[in-house]
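As structure tokens, here come the structures.
Shared between the two complexes below is chain A, which pairs with chain B and chain C, respectively.
And then the complex of A and B:
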């Protein structure tokens, strides 16, 4: 959570650049998706720690309350959802790729939107779920938001299926069908996004209605 | 200098003169695309240049390959801050494509399968600065990286090197393409850090 005087709010799905500066002037900049949306000068980030990374271990392990950060943003005008959009929205997130989708779910709830929203969240284990309580509470309280999980490494007790990667069968069972022409947002590691987007197109979704955001190489 | 990040030392102090400001070296080859990866058969592939007179010049895959492939060794720089140094490609020089084309226009909109567009000044595509790349690292270009053919304009940020390219349209003015309409710089010089407008 970062207080950014003069930020002035951001759209759901946008990102920012975060810059760290060492005492000798060396700087490192990385882009992070924003988990918060809407007006206001408080920005929430959710950072996955890459053990060999240069910036994420500092943000996860070293930074303390009250430290100052340099941010630039909000950035990006493509992978965004605006409350005035009325069509059905299918969100599909892999790992920390769920962060910009969380911002969309929050914006959807905060604006009182009645556009049908559905999130399919692929995650390693139940302990790895970002914003778990908030997501479950929103899914229980809102008639316009459905939440589905795919666990790739370990499932909760009494879960009806084994852990496994997202598949055509899971996408058919747990996402809006192409017949209702949802706007689809897919975010996650490159391999995840490639595989999900290809299946969606095979299931009949228009490629132009599937927006993707990828991170990492292959 | 900005705010010092307490306790941050960073990874490396070795200054690499081949790395533009704000970039880091990528070990892998990250993928950045706005939508699904299109599946394009070279048998169906065609490439078209359209000028201000309305005239269209088209090439099939075989006609394009017959123009002759060049070896390209270059550094590439993505606006999302990764760079790869010394990458190897093969492709057709845009000088060969423009050799028989008459135009007075100074700007080009590159078009791709899937609807992606990006704008580039014509002079940035000529004189050995740009190619239609069809091979990477000795192999046919992967669909994820823009195969079967992508524009390669390595002196600009890599979003200008349009994946799945299928045509160029001449323009009188430097109209913004897809990412340029979505907050990215109209020109995109990595050495000047022209990331956003």
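And then the complex of A and C:
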């Protein structure tokens, strides 16, 4: 949670750029999606740690309550969902790529939208799920939101399948079909986004209805 | 640093210094293949010098942003037109 005086709110799916400056003046800028949406001056972020990374270990391990950060935003008006959109929405997130999608799910719930929403969340293990309780509660309480998981390293007890990556079969079984022309948002590590987007197009989705946000990496 | 490949969404911050509107939502025509797409769909590579954005279809260079001591040098060599929704 970051309090940003004068932030004034953001759309679901936007990001911010965060700049860290070392005592010797060296600076590093990284983008982070915003998990929160709507008005207000409090911004929620969720960061995955890359142990050999320059910025993420500081954000996950070292940052203290009360520390000041330099940030710029809200940024990006394309990878966003607005409550006035009425078409079905399929969200597909890999790892921390779920963060902007969480903002969309929250905005969907807060606005009372009746657009059908579905989230397919690919994650290493059950312990790595961001906002697990909130997502499950929303999926149980809302007739307009469906939640599906794919576990890539370890599955929960009694899970029907082995860990594995998102495949064509999983996308066919757990996402809206191209025939209902959903708006699709895919976000995560670059390799994840590219393989999912390619399968979606092969399954008949219009390339223009599939929006992507690549987080970097392989 | 490794060349990091993300997409045009990541240009929203760096280009907000140069433009008063969100350029990532503007549609550019690629000189290489003629495709007209929002800049948010470009492939973006970053290094210490700045950014290169390439066409998501034909990989031609669309634009470069090179940081200089007192600002930034923007070269739109691969975009033959930009449509901005007003």
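Keep in mind that, in the parts below, the second predicted complex is superposed on the first by the 216 of 218 C-alpha atoms of A that agree within 3 Å, B and C clash if a C-alpha of one lies under 4 Å from a C-alpha of the other, contacts with A are read in each partner's own complex, and residues count from 1 in each chain.
FYI, a contact is a pair of C-beta atoms (placed from the backbone, for glycine too) under 8 Å apart; a residue touches a chain by one contact, two chains touch by 3 or more.
Small disclaimer: the values here were computed from a predicted structure and weren't measured.
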Contacts of A:215 with chain B and chain C, given as first, second, both or neither: both
Which superposed partner A:118 touches (first chain B, second chain C, both, neither): neither
First (chain B), second (chain C), both or neither touched by A:75: both
Partner chain in contact with A:31 - chain B first, chain C second, else both or neither: both
Chain A residues touched by each partner, larger count belonging to chain B or chain C: B
Which superposed partner A:190 touches (first chain B, second chain C, both, neither): both
A:108 touches, of chain B and chain C: first, second, both or neither? neither
On chain A, positions contacted by chain B and by chain C: 29, 31, 75-79, 190, 211-212, 214-217
In the complex with chain A, residue positions of chain C that touch it: 4-10, 12-14, 16, 22, 24-25, 38, 40-41
Interface residues, chain A side, partner chain B - complex: 19-31, 54, 58, 62, 64, 67-70, 75-79, 190, 194, 197-198, 200-201, 207-208, 210-212, 214-218
For the chain A and chain C complex, residues of the former touching the latter: 15-17, 29, 31, 72-73, 75-79, 190, 211-217
Chain A partner contacts - residues on chain B that touch it in the complex: 1-11, 13, 22, 24, 26-38, 80-81, 114-115, 144, 178-179, 181-183, 196
